[in-house]
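I'd like to ask you about the structure that follows.
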Amino acid sequence: MLEISGLVSGYGRISILHGIDLRVEKGELVALVGVNGAGKTTLMKTIAGLIRPTAGRIAFEGSEIAGEGAERAVAAGIALVPEGRMVFPRMTVWENLMLGGVHPRARPYREATLERIFDLFPRLAERRDQKAATMSGGEQQMLVIGRGLMAQPKLLILDEPSLGLSPLLVQETYGALRKLNADGLTILLAEQNVKLSLAVSNRGYVIENGKIVLTGASSDLARDPATRKAYLGRL
Amino acid sequence: MSAEVLLQATVQGLQMGAIYALIALSMTLIFSVGGLLNFAHGDFMALAMYGALALYQSFALDAYAAAPLLFFGFFLLGFLMFRRLVQPVLAAGVLAGAQLTLGLVFVQENFLLMVFGGDYLSVPTVLSNKNLVIPPLTMPWPLLVGSLLAVVLAAILYVVLMRTDFGRQVRAITQNSDAAALMGIRIDRVQAIAFGIGIGLLGLTGAIIVAQFTLTPAMGLDFTLIALIVMVIGGLGSFAGSMIAGAIIGVSESLGSLLYGGTVGAMIPYAILVLVLLFRPHGLMGEH
Amino acid sequence: MHDSRLLSSTTLPWIAFLAVALAPLAMSSSWTNMAILTLLFVHLCIAWNLVGGIAGQFCIGHSLFLAAGAYTSTLLSIHLGITPWIGMFAGAALAALIGVFIAWLSFRYELPPLSFALVTIALAMLGYLAISSIDFLGASRGLTLPVRGTPAMYQFRSDTTYYVVILIQVIIALALSMWLYHTKIGLYLRAVRDNERAAHAIGVPVLKYKMLAMAISAALTAFGGTFYAQYLQYVEPHTFAGINIVIQIILLTVVGGTGTVWGPVVGPMLLVPAGEWLRHSLGGSLPGVHLLVFGVLLVVVIRFAPDGLIGAFGRARQAWRFRRGATEVVTR
Amino acid sequence: MSRLSRLAAVGALALMTGVMSVAPSFAKDVKIGVLMPRTGRYAETGLSVVRGIEMVVNNTNAAGGIKSLGGGKINLVIADNGSDPTKTSLEARRLMSEEKVSFILGPYSTPEAQAFMPVADRYQVGGVGLQTTVIPTTPYFSTISISAEGFGKAYADAVKWLISKGAKINTVAITYANNDYGQVVSKTAAAALAAQGVKVLESIAVEPSVKDMTPIVLRVKSLAPDAVISVVYFQDGVLLHKARFNLGYTSPIWLGGSAGFSDDKLWGTLGKEVAEKTLTSSFGLAFYSADGKLPGLKDALQKGTAAYPDKVLDQSFMFGVQAARFLVQALENAGTDDPVKVNAAFRGLKFKAGDPAIVLPIIPGDVHYAEDGTLAGTSAIFVQWKDGAKHTVYPEAVASAKPIIEGVK
């Protein structure tokens, strides 16, 4: 579904990604793990069209989307749930969700999708008319995921969804992701939390200094001594 | 001072205040586009007023009839201007944007001076010199129409921004433009349309209030300052706040002039601005 | 290697500046007057840039400082016979006091940048309205300085002397601004500009440095005000306390490049003579046409170089080096 | 007388005539600066002034130049001061030090004049201010207009005249534009009125950039004065009349000026409806009115129409004509292009009533320069509007119509 090859990208003249190759097949849940600063966020943003790559290809369902901008990525069916819970702070939960489905591709299904999201995250339904800024971190994370789903994505990309959440909320969030994947949604997940993300995913990539250093089935990666060594503290 | 005179001055101040609010409304809308502080605001309105004059002189078109034309004309002007000029500069920062509009003040003032000359001009309209008299009050019709329009436009803008997808997109861009991009919102287009509507509203405003003022090429800056004051006191981005702030400024200016003379009247808006900014930095109705 | 780079980045601009600044001495006297006006704006732009550029505070209240310098020295000269050479320091002290107060006010009430700009506009307008109404300050008609005609009273027979005075002022201001920019203070100020909260968090005494920048900027502006008043030998609210001159100062600095050492020098040195040239060559044809062209020029520069000519120059040079570097790699 | 000496005398005479007949070689041209706004706020006015000056100079040159200079021609060096005091100072320095002009016609406004005077004093080159209402502080600057102080007195004189015509004026309210002109006029008028025993209820300042005059008119109304004096410019004048019209407050005797009551374009800008209710009963102070009964004015109007058939010959044009005619006379009297002597000749000008050099109706009688550089013998005129045209009603010496006074038959 998603095929990345030789991707070079970064900010201005400074390259952060030095030739990334990565694939995600339809229906997979793929994890991208790496330490802070390894280039995960840059890769996510480049896929979502926020950053224009300097070289390489990003093919989604066979068509090239590299450097075409965020609007093109959304139109193709990619939704990025950014890190840092980028909600629209002075808007209500409902307004945030509506914005998620504002793209013409998603607009006709908004009401139906909204029902599904409220089923998935009942707490969002309770807080429907509350301003996003006044909600807790966990609730904001749910909101951002919900907003991403409103775009009717074929591929949902999540950047550090567990960052700064209590273990209980992390469990809840990951539960929801697993459920979504089971329902047929393709997911690409970038995480520092190696243990957790490898536990839920089918396959995994390890990124270091802007390069993919290891790849394989998640269960293999979790047992791999190299991964264990690199992320000892986290295992 | 008799109660009658005080009442008349208060009503007059309220109407002037509504006009100020009307000018501040479009400034608020423009501000919501990437935080642009438009120092050329009053000059765009002056341009519209001269536009009304030109339409009257060439086609004997009444300013009120010209208002929709000017709205569309200025919408296009604003849309194109945003695309070609404002947006690239705004990308370099909000201050660069403000500085650009300072440059536009120069351009517009002198364009008007070149085309229309420096004389004071006036545009007669169907409502010129017509008063609504409800003893003991006298209310000039141009002011009344302007005030009513201010209220109506504020309501429409409120609904558009708060209750429509377009409005939500504009607000989303203001609050977090990266996240807005991720929603598939075409930021430049939404911003250009919003900016166009803001400038278009100025075209409309200029035509509606032209009967009340005398035209001179350098008139813009005074209106910019008053609009800035009203917008800031009301709270950036708050249409209801602009209406209230307009009323406060209009009435205090009017009563100040009545009771203490014109110089004090002219100083009052600035004094209120300083006090409000110090004690309520986000304005009367602004959100934090 | 290191030394030669230092030479090229600091000494060369100085040499270029002095060469251009001294050129009018060799020309006719109308050039001297143009040079005086230009250097006056260079001085005022350098002063504004300390606050508006380096410290990133969009201050529109500099007319207050200009007025403080112009009026204080003039009043002392008229009423007490005190020479403006001394009066200029009184004016600078008063301006610095006002500046420190504004800086304190904005810090105390945590004004966001935009609100700061508006508060300073409002204070400037209040100052203008007050000065135009107070009889002691000459009200709207202004004050005329008595003709005393002696250098001791800051009055010279030759325009060249005025020119030398403002040139020395500019050199002092420029040296001061350079020193500020390259020392710890400048570093702190730029940190405040880029992120005030972060600067505060890492222990930069934000208030102290804001007040310092404002005080220096205000005092320098006041010195400019004294010079301007003595050169014209009269003061009047529209010229000395109106916000028009501040808008001019800001635009000239912006075109040169705000927040840089040489931006406020380059902007006025190019645009003041250009403006005069336009006025002479186009002014007679249609009223306003020369200012229209001037305005379009400003807008075009801001459009294509929002960081000013200095920024654009820097980028061009970098691109050139980059390209040259790339070719070197290829040939090797 | 011996034959020899007679011969010598005849020879000398012949020599002189011979020299005179080849005048071009002897004629001394004289360079005159014109320092007027051609750009900025007062651009229109400045351009009109320059037209007036150029007309007089062209006519003079065509008629044989300055006779005392052997038929020397006047060469104008026109400089633009951008309606700005700083540029006035710069351009004045250039004209004096570089162009070496003998005299300067200009500048235009009071702030410009104040920037001009120190320069004139330093270079000892004279100048003449046109619409400057400041009293000169240097012997090298003179004015043609009336000083602000003079205007203040003119209002008081007009009130005295109205009372003599039967108007009942015991109390007066003053509104004034809060700038150099308004402040001085209102102060002088108030003092002069008080000296005449008329009570000044209040002097109300109005910022020239005011957007609405209603509160001010309401304040005046609540004072209920017998007469009102409004020192206003064009824009605030228009707003004043509109506010009076809207509030229906037209009862007291209203005097005002200058542009806000007497500008040629005022009637058209206000529109007939408002103008008839407010202007026809008011007394507008003016510098100039085309109906003034002066032979010089008739001549200037005729020549102006011939020279500029498509231009309005307004007040500014006539000021230009007046300044240039004064200069031509001063040059004739001086017989030199030495700046100091030309300036002295200018200051020494004297004209009898009805002299063809006089074009401004503000100079009805004998006129000369006073010690301080202002014109002695000037007197402001007051006009009343009727059907879009102005008619001079005061002083009676130059009046072309009878006044219509509120409450007087």
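Note that the chains take the letters A, B, C and D in the order they are written out, and that residue 1 is the start of every chain.
To be clear about the criterion, a contact is a pair of C-beta atoms (placed from the backbone, for glycine too) under 8 Å apart; a residue touches a chain by one contact, two chains touch by 3 or more.
A quick note: this is a predicted structure, and the numbers were derived from the prediction, not measured.
Using the mean of the Cα atoms as each chain's centre, the chain most removed from subunit A is D. Of all chain pairs, the one joined by the greatest number of contacting C-beta pairs is B-C.
Separating the CA-averaged centres of subunit B and subunit D is a span of 40 Å. Put simply, the C-alpha centre of subunit A and that of subunit B have 43 angstrom between them.
Put simply, the C-alpha centre of subunit A and that of subunit C have 50 angstrom between them.
Here the spacing of subunit B and subunit C, counted between their Cα centres, is 31 Å.
Shared contact sites, meaning residues of subunit D that touch two or more other chains, fall at 43-44, 178, 205, 207. In subunit C, 129, 133, 287-288, 291 are the positions where the chain touches two or more neighbouring chains simultaneously.
Counting partners per residue, subunit B has 113, 117-118, 263, 266 as the residues that reach two or more other chains. Touching chain pairs in this entry, ordered by label, are A-B, B-C, B-D, C-D. Those residues of subunit A that touch subunit B in the shared complex are 48-50, 70-71, 73-75, 79-80, 82, 86-91, 95, 98-100, 102-103, 105-107, 147, 151.
Listing the residues of subunit D that touch subunit B in their complex gives 41-44, 175, 178, 204-207, 209-212, 214-216, 218-219, 221-222, 234-235, 238-239, 242, 245-248, 265, 269-271, 273-274.
Residues 28-30, 33-34, 37, 129, 132-133, 139-142, 144-145, 147, 149, 157, 159, 228, 231-234, 236, 238-239, 279-280, 283-284, 287-288, 290-291 of subunit C are the ones touching subunit D in the complex. Residue ranges of subunit B in contact with subunit A, taken from their complex: 165, 168-169, 171-172, 175-176, 178-186, 287.
On the side of subunit D, the complex with subunit C involves touching residues 38-40, 43-44, 47, 78, 80, 82, 84-86, 89-90, 93-94, 97-98, 110-111, 114-115, 117-118, 121-122, 134, 137-138, 178-184, 205, 207.
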